[in-house]
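You will see chain A twice below: alongside chain B first, and alongside chain C after that.
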Partner chain A sequence: MRDFFQRNGAVISTYLLLAVFFWVVMMIVLPQAYMLNFSFRHDLLPNQIGGPKDVYTLSNYEYLLFGRPGDEELFNYLHLTVFLRTIIASIFVTLLDFALCYPIAYYIAQVAKGGYARSMILLLILPFWVNEILRAFAFRILFGTSGVINAFLQTMGILDEPIDFLRADVALYAGLSYAYILLMVFPLYNAIESLDHNQVEAARDLGSPWWRIHWRVVMPHAKPGIASGCTLVFMLSAGALAAPQILGGPSSLWFTQIIYQWFNTGGNWAQGSAYAIVLLLACLVFVLTVMKVFKVSLGEIAR
Partner chain B sequence: MSADVELDHMTIRFGEFTAVKDANLKIEDGEFFSFLGPSGCGKTTILRAISGFLEPTEGEVRIGGKNMKGIGPNKRPTALIFQNLALFPLMSVADNIAFGLEVRGVGKAERRKRADELLDLIALGDQGNKKVSELSGGQKQRVAIARALAVEPAVLLLDEPLSALDLKLRQHMRTELRAIQQRVGITFIYITHDQGEALTMSDRIAVMSQGIIQQVGTGTEVYENSQTAFVASFVGENNPFHGKVVGTEGSDALVDTAFGRLRGRNVRGMQPGQSAMLFVRPESMSFANGDAENVIESQVLHSEFEGSFFSVFLRGEGAKDIVMSMTNSGDLPQYQEGESARVAFKAERALVLPVGDVADE
Partner chain C sequence: MSSQGIQKLMVSFYILLFFLFLFAPLFMMGAAAFNDVEFPQVVPWEGFTLRWFPSLFEDDLMIEGFVNSIWIGIGVMALSVPIGLAAAIVMTQVHKRLQTVYYTVVVSPVLMPGVILGISTLVFWDKLGTFMEAEYESFYYSGMFLTIVGQSTFISAYTMLVFLARLQRFDRTQEEAALDLGATHVQVFWKVLIPFLRPAIFSAMGLAFLTSFENYNTTVFTIQAESTLTTVLAGKVRMGTQPDLAALAVLIIAVTLIGALAIEIAQRREQRREWAAKAAAAKAEREAEAIAAAAE
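For the complex of A and B:
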């Protein structure tokens, strides 16, 4: 501690400590603690707060699982399905992003040289200067029934009837994959870039076909980057709101949309908090699973 | 499979730049062959062309008589040991060695058995389960060799594999490499900028400069019968004397230099009137007594005691000193710094060569 003060001087040290404290407490601990607290309470009218009904309860979580007591269905199928679909679709989006980004990242990091690689990175970043909402609407235009893709396929004579990409959720998956693609490319790029190219050549020289080089040499080396990219894309997909709102089919909900409804139109913060906590836990489970599967530590992911 | 390696008029260009020019030689099956030359002369480029990582711009590479054009590095009967070894740090030592077998679909038990045999060969018998990072420099070196040998290549290519080691270990590994080569009996193609390594290990050496193979021969041939000024000055130490050929006598040529008329072997058949360089090695010179031929009158500048021998520096032509060395046999000649000295050499120990670039120290 004294070292820290001596190294950075009193003013800067105090500032750093306060900033970190503020960040951790105000941005991370307090809001989540509030949410957690909310999630175990009843949705009360203002005049009931502090009254006899103001007690802790698990009812908000029970609602997600079983629905309202006395419902004919045993479970709350509607919300559980949305939850599961959100998780599975996010995993799918993550895998899709990985499959798309790994070759690109490998190419930029190991094959392309110098200025060429830099211009490719720039090309990747450029679309993200346009804001998220605008990009989502652009995808609507691309994928709509009378959109660019359908129009093209119809003029080419490949399709007779337009395909409803929005209803089929193709637009949603494409939009989500596209929205978080950089968060996959950069961790992968960073990880692959640090691999000594001689190792790739050594594997090749020992007779290895290209897929085994990737499986045994490149991917093991890039594991922290893969884990970091996958967890980022998964969490942001599962927590996305704008893209599902704009690109989701009329009948398909994203779990965040339900949370949003609880907070907003439903006005039931307690219920919304419980749902949000469940989503947060699902994300944590995903991160821990990925860390376990890839045998990487949190420190390596953050690198 | 017979594994002679032929370079047939091979030229390699990177854009406008010619990295290897018209390399033309044959390396015999089972030979320990070295490419020796200063850094940047194109050695690695030749090795990469033999291993298949790049294709010659002109000419061809043949292994066992077969043109290798279009055959990738994973399909050639060669194994390359990289300058930085390029071991796989995330695999155990044994898995590194067995990687080539894994690629070939050899089962796990068999792989482990072969890896253990190779570990014995490189005297690391019980270290198979270690991580690569737990090994010392010399051990990593040997693991890289074992990993390459595991795929039973017909030709082993080594790119300055000892350059990262310290002097003692380097000298030890020289002997070891040579011994391994003799045990496995396959062709070794070795790259180095260190003439000591090339001379001690190789059956034959190709001396290179600026992409051109200057001379191919045994160690004694390139040392004793250097064919170009570059080879004479790069392999071992040599004293050059610039001059003009004024006559030939039998197999000798007479050259007029700044130190008078000197005689040397006319190995390149030079004619009177041509500019020439006469080379005399430090150990071929001695202080002259009486009126010997090939006498150089100069001035002692300083001397260096090196233990087993003794170097004396004399004022040469221009900025370069003349170096002579004498073995330390107990009674060293007496002289003073700054005093004039007469040194001489035998004509059969001097070479008369066409003027050419000399290696800079």
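For the complex of A and C:
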């Protein structure tokens, strides 16, 4: 500590410490800790604070599992289904993005040359500067009942009636996959780019077919990139709010939308915090699983 | 050979499809903005029109949201750039054993879902306001303030990463030389470190502003009764039936694409200048060696 002050001088040291303190304590640690604490509380009116109901409780979490006490159903099927659906759909989106992006990442990293590769990267980045909500809106224009895809299929004579892609959640999955492509491509690209192309050549010279080269040479090398891309895409899909609101069918909900309802129309912040904690835990479990499966450390993922 | 040719063709075809998938939605939206129909659609094409653009400026809600977004973006810049800079400097000085923990803590907001950052900011400052017995009009309950803080939680991590990358190339002997020559620490900071970091400061500012401007997930919880451009847009898109949205999209796309291109070009020029500088230095060194050799 004394070294620190000696090295930076009193004024600069104070600035550094204050700024980092404000960020780490006031913006990261305390809010998270308070949200966790809050999720074990009853939703109270101001005049009830300090009263007999101002105690710790598990009721917010019980509500997610069992619904209101005395309900006919044994479990809170509505919310549990939404939760599971969110998780499974996010895994699906993650796998889809991986399948889409792996060939592109490999191509740019190993096959394409200098300036060409740079231009492709620029082309990849450009669409993602556009606002998330407008991107989702674009998918509405594409997939709506009077959208371009339906019109195309109808003129081709493949369809008689337009398909409601929004209701069938096709638009939602396409929109989510689209939204997070960049976060899959870049970790993959970075990992594959560091592979010495001679290794691929050597495997090919030894008679390995292309799929085995990828399975045994490229993918093992790219493991940290795969892990980090999958983690990012999963977490962002599970935590997405705009795309489900805009592209989800009228009857289908995303877990974040339920959280949003607790904070707005529902007006029960404690309940919403509990749901947010559950979402955070689900993400944490996913990250830990990925780390275990790919045998990589958190440092490698977050890079 | 011919099987390889087929493979190559397939790869090219796949790349074409991939980029089509990337750009088709944007082109569609662009086309819808100029189509003369009351509903945002591309087919059937009813003729070219520009009438959706002026109607944008009659929308007071949207303009109010836009102005708020700009202010929030400026606020986020003012908060997250100094924080990111400080965090990056501390990162280079923190003890090795602490470094992993510190890194994990400060990068965690990037990995956390945005809704959770918004929620935790909201409930925390609300509680703090109650605790301090603050007035209802005070900043603890202000949507703008909470949004700036909530967004900065993770945007500071972005700016920190920008600064870290630049700091890795910083030659500390410059700092020591200045100190030896009698400069104070504050002078060293302003006259040596900051000028060296200038390009990183500009990129961090741009990154912070753009990220803030288009943020939705965190903002939607912290903004409460107020509005930003994205929350206004989200509301409109959910109702979703006016072509002026497409017109707005075209404007935003045009502005952001020009901005992104400018940043990219600036970065490339910077890189090229560095290469040129390096090449010149190497050349000068060789010449010096040659002269020295000749002198002997």
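List of remarks:
Basically, the second predicted complex is superposed on the first by the 283 of 303 C-alpha atoms of A that agree within 3 Å, B and C clash if a C-alpha of one lies under 4 Å from a C-alpha of the other, contacts with A are read in each partner's own complex, and residues count from 1 in each chain.
The working rule: a residue touches a chain if its C-beta (ideal position, glycine included) is under 8 Å from a C-beta of that chain, and two chains touch if they have at least 3 such contacts.
Just so you know, these numbers come straight off a predicted model, no measurement behind them.
In the superposed model, A:Ala89 lies in contact with neither chain B nor chain C.
The wider contact with chain A, measured as residues touched, comes from C rather than the other of chain B and chain C. After overlaying the two complexes on the shared chain, residue contacts for A:Trp23 are found with chain C alone; chain B is out of touch. In the superposition on chain A, contact is made by A:Asp196 with chain B only, not with chain C.
In the superposed model, A:Gly207 makes contact with chain B only, not with chain C. Shared-chain residue A:Pro220: touches chain B; no touch with chain C. Looking at chain A, you'll find no residue that touches chain B in one structure and chain C in the other. Taken in their complex, chain A has these residues touching chain C: 4, 7-12, 15-20, 22-24, 27-32, 34-35, 38, 46, 100, 103-104, 107, 111, 122-127, 129-142, 144, 146-148, 151-152, 178, 181, 210, 231-232, 235-236, 238-242, 245-246, 256, 259-260, 263, 269, 272-273, 276, 279-280, 283, 287, 298-299, 302. Of all the residues in chain A, the ones that touch chain B in their complex are 196, 198-199, 201-209, 212, 216-217, 220-221. Residue ranges on chain C touching chain A, taken from their complex, read 7, 11, 14-15, 18-19, 21-26, 28-29, 32, 39-44, 82-83, 85-87, 89-90, 93, 100, 103-117, 119-127, 130, 149, 152-153, 156, 184-186, 188-189, 210, 214, 216-217, 220-221, 230, 233-234, 237-238, 240, 245-246, 248-249, 252-253, 256-257, 259-261, 264. On the side of chain B, the complex with chain A involves touching residues 51-53, 72-75, 78-80, 82-84, 86-88, 90-91, 99-100, 102-104, 147-148, 151.
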